Amino acid sequence: MTTDYSPSELMAVAGARELKDGQIVAVGLGLPVVASFLAKQTHAPNMTILFELGVVDPEPIDSGVGLADPRVWYRAKVHSSFVDILGTVLHKGRVDVGFLGGLEVDQFGNLNTTLVGDPRGKFKHMVGSGGANDIASCANKTVIIIRHEARKLKETISFVTSPGYISGGSARADLKMRGGPERVITDKAIFGFHPETKRMQLLSIHPGNTLDDVLNTMGFKPEICGNIPYTEPPTQEQLRLIREQIDPTRMYMG
Amino acid sequence: MTTDYSPSELMAVAGARELKDGQIVAVGLGLPVVASFLAKQTHAPNMTILFELGVVDPEPIDSGVGLADPRVWYRAKVHSSFVDILGTVLHKGRVDVGFLGGLEVDQFGNLNTTLVGDPRGKFKHMVGSGGANDIASCANKTVIIIRHEARKLKETISFVTSPGYISGGSARADLKMRGGPERVITDKAIFGFHPETKRMQLLSIHPGNTLDDVLNTMGFKPEICGNIPYTEPPTQEQLRLIREQIDPTRMYMG
Amino acid sequence: MNKLSTLHDAVASIPPGSHVALPGFAIARCAMAFAHEVIRQGINHLTLSQCVGAMDADILVGAGMADRLIYGGGSLDRFGRLSAVNRGIETGTLAAEEYSSLSVTFRYLAGSLGLPFIPIRSLQGSDLLRNLKERHPDDVAAITDPFTGEEWLALKPLLPDVAVALVSAADEEGNAQIDGPRWDNLEQARASKRTIVLAHKIISTEEVRQHPDRTVIPGFLVSHVVHVPFAAHPCSLFKAYDYDADHIRLYAEAAQNPESMQAYLDTYVFGVPDHAAYLAKVGGEELKQRISADPQRGY
Amino acid sequence: MNKLSTLHDAVASIPPGSHVALPGFAIARCAMAFAHEVIRQGINHLTLSQCVGAMDADILVGAGMADRLIYGGGSLDRFGRLSAVNRGIETGTLAAEEYSSLSVTFRYLAGSLGLPFIPIRSLQGSDLLRNLKERHPDDVAAITDPFTGEEWLALKPLLPDVAVALVSAADEEGNAQIDGPRWDNLEQARASKRTIVLAHKIISTEEVRQHPDRTVIPGFLVSHVVHVPFAAHPCSLFKAYDYDADHIRLYAEAAQNPESMQAYLDTYVFGVPDHAAYLAKVGGEELKQRISADPQRGY
């Protein structure tokens, strides 16, 4: 057992653990790419990786600056279109897991990637949705990966770009929306969602952190039931794959 | 001036005259293919020819047995799909002229390609619609090419596969349907449609036929206004193109 | 994942009563080898669908495998009508739901995109629509355009249990390439729960990765990949082989009445154990030579 | 029909106030040469649309050519935000209609097929939809599925006046081939009244006919074909040239405030008469060598 790993590496490994063999996964750039390729190179060789613009199962040999970088389209099995990927796979209901990130997330897993500040007052406009709202709306489940900071894990967020459980409870189901967030992975802990309230519920704490470390750096108190275990750390093999094969230039792991 | 041409050749030439340069034309097999290629090789070089299954502007060197024959896909500019041709061109409203044929046509230009006999009693089932109903519903105008026989030009047809002006008058417009039949070309005459009643109206009689020849071999009396001229016969050049280049084996001209 | 399978096993995966989307268009790219094996295994009570009815549907109906056909009309082009289908409609043994090419296409398209319904201009004012409203009122409906208030016809998505794709080449995962026009086949695969691929040629995944724009059916939709050269015979596969006019005539003649149809099936379907034996019977190597396509012309 | 045109004449065909669909995705296949010429000619009050906002939209907004942007969010990937677009939104000089990638795609798709509206699962429960309902109530509506009675969101088709397509190759009629993923470009061309094609390479119609499956935009949609090598610089064109990271950084820096944006425009747009002069200024033959793509890797 080793403690020689970064919080980002643990997040990527935790993301990989959410993926099962044979699943279809919609991925944006950054940590989710590392998580997906890691899963595919270990326990999920038959997983399918989708990029929204029309790319299926690439095998990049160089890191890219984003989905628009041809480096991440390299050796794909399919080059097609938004209609093909977001329409006939995601909207059709074939995406098992979608990864999402964001500027802010609230206790119900609603995500903001649109703006910071008050949308009715002074605000700074950011990236917006891209395929994020579509993944949040149409995937059979989503996994959120976000830094653990009070300004990111907030009681109220400035803008709901990608809905989680909306106002909690049955709010999402009432709108007949499928899926919803299943996990929130931060650099301090992993959360699920309480089956009734649909509020974030602490599932595990990353080794090296205390419960207070987790709670004092977030803007709301999550549901906590019983004893909280530590998150399983990465294996040597997982770390080797990340460092030597998947992200040798540390483009995605920051 | 020559009279050395067959009724089929005159029909093909009359069909070609309905096409203007730059138009987009949806074509089934048979005489309409001859009419379209003839127009393209004479006065309409920039016309676009579409086959429903996903073929644009082919240049066949061999005659085919139908749209499913790769001979008629040869040297096309596009090989695509029903969605592409019937969806994004025809349904979108970009098809200027569609050619239709059939077992029976009535005075309002409604066409039957589905069955002969009484659909509620004993009947013989035929080809059905294919893209014919779609062309009749979505093209900006249609041209019907049909043999001039009383069993084909009928007061009442057994089945409306492809609607013309339905029950006449404003019936088609009331359904907010665009287009409608503009011409019916037979081997004895050319008809248009009366602007008010939307009944077939005799426009010209092919040389060698009398008005009685036309009227006695059809199942209803068309509208007739004023003196009816003779149909302009094919030119030598048109006949040469049909016989030497477009249908040398007389596959389409029967 | 290696999904290579025998035709026997791929066909055996289809339960009786399934809805099968067929790839043929009249006499092009028909899944004849598939249809023969379905008939041999006696998988019946099928619902079949395709935009334009083709020889693969006709032989399945003629052999009594199908109860229901959802299609837009069809023929064997100049070789004649779909005699078995027509006879089924005329005698009432086949429940045919008759549309047009585009209306079936739009039903597949809606199914492929996960749309709950799709508006369409076709069918209005026709007896096709009158019949559908009378006999299949759950598949067509009136809908009001919320933006203009205009009335439209809406169609229900078509969601087959399995699509059969007959393709030029595929890898062992099912990533498939089709030469020539593709009519409704891409939407069929995407609308269906799963797809069975019959490939004229098996290529490596490495080759798939060299030409990602040529993959028209992605492997994740595919349950079985079967290597079946000349699977469309007597129909054609663009750039691979031409149709066999003599055998189509023989079929078209046989299909005209139940007795000769049965004799055809006895000889060419039940009389052979598999597609290789069928090919040997209909001409073997000489046939393959004769119908092999000129790569430039495609036929 | 020969539709070969100069970039000047193609751009001059667009009246101020038009709705222009742009081909870029972040920093890939952006119509930069087109945007520069629009700015030089001062064709303003434009409505722009694209599924994912890209550098072509950003520079047009930054130069004051656009009043309105219909898009699904966007960025310059790791090179930063769309600063000009964001500043326009923040200061209220740009009316942005913000969707998601799929919802803009579905609006184009509905437009391409002549559908009156299209139902969608996205946007529900989000502030994107709240804003659209408040500010653009004519573009979104509730609709009831006539088959199940369920409530759905419906979007209005998007019908641009002109689509700009930046393609790998086209013939003089506009039959166009695109290497690599095509995001929303095929639906844009089909939804728009007409398409202007910027082609890296002009090929013969004979070559088009040799590969009819590669024609992704048919010529009959196209009004102008312009031969513009490196038209996407500093963005990439798959298999032709890579992006120019240094110049993207220079742009991203400049776009952060109006003064430096103006200085950028003065140098790289107004300071050159045309795209050839722009290419000479940003690096000429040395640049072309440096960014030329490896045909195997594509970048």
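Per-chain residue numbering starts at 1, and chain names A, B, C and D are given in the order in which the chains are listed.
Criterion: a residue touches a chain if its C-beta (ideal position, glycine included) is under 8 Å from a C-beta of that chain, and two chains touch if they have at least 3 such contacts.
What you see is a predicted model; the values in this text were computed from it and never measured.
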Steps needed, at fewest, to go from chain A to chain B via touching chains = 2
Which chain pair shares more contacting C-beta pairs: B-D, or B-C?
-> B-C
So how far apart, in whole Å, are chain B and chain D when each is placed at the average of its C-alpha atoms?
-> 40
Could you tell me the distance, in whole angstrom, between the mean C-alpha positions of chain A and chain D?
-> 29
Sequence positions of chain D contacting 2 or more other chains | 114-115, 121, 150, 180, 213
Where chain B touches two or more other chains simultaneously, the residues are 55, 73, 79-80, 83, 87, 91, 138
Graph of touching chains, which shape: line, ring, star, complete, other?
-> other
Go through the chains and record each pair that touches.
-> A-C, A-D, B-C, B-D, C-D
For the chain C and chain A complex, residues of the former touching the latter = 1, 112-115, 173, 175, 190, 205, 208-209, 212-213, 215, 218-220
As the complex stands, chain B meets chain D at residues 22, 24, 45-46, 48, 55-56, 59, 73, 75-80, 83, 87-88, 91-94, 138
Quick one: in the complex, what on chain A touches chain D?
-> 29, 51-55, 64-71, 73-74, 79-83, 86-87, 90-91, 113-114, 119, 123-134, 136-138, 159-163, 166, 171-172, 175-178
The chain C residues in contact with chain B across the complex are 25-28, 51-54, 71-75, 77-79, 81, 85-86, 89-90, 98-103, 105-106, 109, 120-128, 150-151, 180-187, 235-236, 238, 242-243, 245, 293, 297-299
Interface residues, chain C side, partner chain D - complex = 114-119, 121, 138, 141-143, 145-148, 150, 152, 154, 156, 179-180, 213-214
